[in-house]
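These are the structures in question, set out in turn.
Here chain A shows up in two complexes: once beside chain B, once beside chain C.
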Partner chain A sequence: MFGRRAVDLVKELVSAGPDALPPYNDEQVRLVIEEVQEHAAAMKELSRTLNELRQQREAELEARGEPTDSVSFSDFPEQSSAFIVHHTSILRNKRLLLIYTKQRMDRIKQLRWRQRSLPEDVQTNLSPQEIQWFATYSRLLSDYMRRDKGIGMDLTLDPQPPKAPDMFVRVLQDAGSVAFSTGSVTLRKGSTHFLPQAEADHLIQEGILAPSESGPIEAFTTPYERI
Partner chain B sequence: MVDSGGDYFSVDSVLAEETAIPCLFQCGANGIGRALDPSSGLEDVNPGANVDLPIWLLTELAKRDMITIKQPKWYGERMRRKIQAGAGVENLRLRCPYFYDVALLLHSIERGPALAEFAMKTFQARYKELLIKAHTNQTPQEMTRLQSLLCTEEAVLFEAARQSMSAFSRWRFGGRPLAMKGPMKRRLDGARVNGH
Partner chain C sequence: MDDNVISQLLGTPAEGDYGESDIIKMRKAFVNEKAAPEILDYQADLVSRLQDQIQNQEDTVANADSTNTEGSLARAIWRLELARAKHVLRAYLRTRLLKLEACCAAVLADQGMQTRLSQRELQYAHDLFLKTGEYMRDNILKAFPAEFQGATRQSNVSESYDMMTRPDLDKHVFMRVLEDRGAVELDAEGDDVVELMKDDLYVVRYNPIKDLLRDDWVELI
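Moving on, here comes the complex of A and B:
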């Protein structure tokens, strides 16, 4: 069936999972492009036949003295239906190849936002063009976020913009004195502090702090008691 | 080419268009018999040949009346009776993973009211049950059984309902999902359980 190879490409990507990047299948891509070229050659051949048939028919009509402008390709359904099939197949293959490329591009872009760099094992799965694209995209984004040329803020920290730069946190474990940009804070178990979110985030990940929605009052009740 | 609208890059829409529909060739087609109808072994497709064509291919041919589309059996009379008897237990995923998308695409070609009505009735009958099941707690076995019955479009709705439910309970019981991390740890330490 026409277009089977191209749809297999897309299916391969889908079955790998929404974020996975399987190896770039350049062999299959090459085969799809070859198939398109075959279709194009078949169309050329068919259009030649169709034109010949039309001229023939026109000559016949002229010999009989009838008007010739009513002859159209739809008078030769065997050829024109095949012509349509080839043409539609080319468009279909084009669309599938574009989807394959775009899906992969979106996933590579996501890597830049989530992990900042290309992990070694992912890099071996990319085509040279994809690696080049990543490098260019990464440079553009870094330039935009740089202090001297751009906005001077790391946008990849929060995928969703934070509501406020600071947050209330409650201390779950004694961690001694920790230096923040707002000054040094002694983290004692059970106490509540108002700290910059960007700096508190990694302590939350470690389980030393917990975000506290309601501020200092919560220091006396755990979230479970409020239910 | 099927009019893809804004879905040109949508993976689901290309996979739905891959669904094969039985068709009857009204005219012949030269040189493509081997690709479209390998079982016949002929170089050309003859008029009157029965061939399964994917939706992306048949649209252009159907527009020019070069083929007629026959009803796929998952929209057929038997299926209609089954849906009437009990819509919720029918396994749509097995019959046609893109049950509704395919119905919509065929409807846009044929413009008959029958198919649209059937698809709509099926959806109405199944949607209510789907939503109730998604919003209440089910055992893991029941969940797997339910999800294996849903076609792709329904699975998306089901997942959305589950997510809205968990978002609601997060709001109801307070705090960001991260907030659970701290107290949970303390309970494991055996210090205090549930604040008592």
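Moving on, here comes the complex of A and C:
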């Protein structure tokens, strides 16, 4: 059936979940493009036949001395409808292929809003062009947000309204000594700190810190509460 | 501590001394922007005023004396207010940018929509459209037959840009009336007329009220 492969391609992406990036299906994309090229070849062949048929008909009419301008492609329904089916199939395949590509591009864009660099596990699922696209988009967005030429604000920060200017965070990875506006802090794995939220945000994005509901004092009290 | 002491402490005039503060205006602009299906006028003055105020306030906070109790309380409140102001400003610009991305081809094809963008947003839309187009062409479209290679038309026989996402102006929005406006026609034939009075709430199609929104008769919620 025409267009089946392209539908499968889109279905594969849909069934993976709304944000997931399954491996780029290079093979299937290539097959769909091949299908399109077959359609195009068939269309070329058909349009040649149609033109020949019309010329034949025109010649016949001319021989009988009748007007030739009434001859149209609808006089050959078989070839014309085949032509239209091929045409529609190309449009359908084009639409589906673009949906597949655009969806993946959008999902990659979303990753840029969540973190600055591509995580390893995602990278293995992308085609080289898609990795390139992440870099392109990242540059575009960074240029817009730049301090000198752009708006000078990082829009990827604080997607949620702030509740308090400072927050408790737990350190997930050793990051050495980091300078904050409140002073320099040594981030050692497992320790808890009270930091300005705006400055902790990008470290949370990078997975170095995690927001902690309870501060260190509450953490001390938990064993007693359990008893 | 009563409100007077707090406002004295913070050095800001109490509410009612002058109209709405810029941060409240910004919040309204953000809510309007978030709820409207199309991109609204860019609030250039408001954004730059708020950016200046944030800068000033940041300096004040940095130089504030927080050695005594009152000073450190004031400082804590300032910092939270600052964080909120920054958040609203970012959220406003972010919402606009994401809306712009969703229909960037339609914006570039329409002069009227372009006038509503800031210079930088326009530049961004331009670049993004070019890069997206390039990506589509290099990875998919260049393998197609020549007459199907367009990125905004399905094929060469399409008369208009039939592959372009446009904002859906007929989407329904929630709105509140800010001033008594009187009778307003909600459709072209004029058989659906409503009397808009202050503080009324409505769910309406966006298209008929978009001029009212621009002229501040209503706000979206």
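As a convention for this text, the second predicted complex is superposed on the first by the 157 of 227 C-alpha atoms of A that agree within 3 Å, B and C clash if a C-alpha of one lies under 4 Å from a C-alpha of the other, contacts with A are read in each partner's own complex, and residues count from 1 in each chain.
Convention: a residue touches a chain if its C-beta (ideal position, glycine included) is under 8 Å from a C-beta of that chain, and two chains touch if they have at least 3 such contacts.
Not measured: the values here are computed from a predicted model.
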Which of chain B and chain C A:150 touches, first, second, both or neither: second
Touching partner for A:164 - first (chain B), second (chain C), both, neither: second
First, second, both or neither for A:59, with chain B first and chain C second: neither
Which superposed partner A:98 touches (first chain B, second chain C, both, neither): both
Which of chain B and chain C A:135 touches, first, second, both or neither: neither
Touched partner set for A:198, first chain B, second chain C, both or neither: second
First (chain B), second (chain C), both or neither touched by A:42: first
Partner chain(s) touched by A:11 [first = chain B, second = chain C, both, neither]: first
Shared chain A surface residues [contacts with chain B and with chain C]: 87, 91, 95, 98, 102
Touch list for chain C against partner chain A, complex: 51, 62, 76, 79-80, 82-84, 86-87, 89-91, 93-94, 97, 101, 120-121, 123-124, 127-128, 131-132, 135-136, 138-141, 143-145, 148, 154-155, 163
Contact footprint of chain B on chain A as seen in their complex: 1-3, 7, 10-11, 13-14, 42, 46, 74, 77-79, 81-82, 84-89, 91-92, 95-96, 98-99, 102-103, 170, 172, 204, 207, 209-213, 221-227
Sites on chain A touched by chain C in the complex: 29, 33, 36-37, 40, 43, 87, 90-91, 94-95, 97-98, 101-102, 105, 109, 129, 133, 136-137, 140, 143-144, 149-155, 157-158, 161-162, 164-166, 181, 196-198
Contacting residues of chain B [partner chain A, same complex]: 1, 4, 8-9, 11, 14-15, 18, 25-32, 35-36, 44, 54, 56-57, 59-61, 64, 66, 173-176, 178-183, 185-186, 192, 194-195
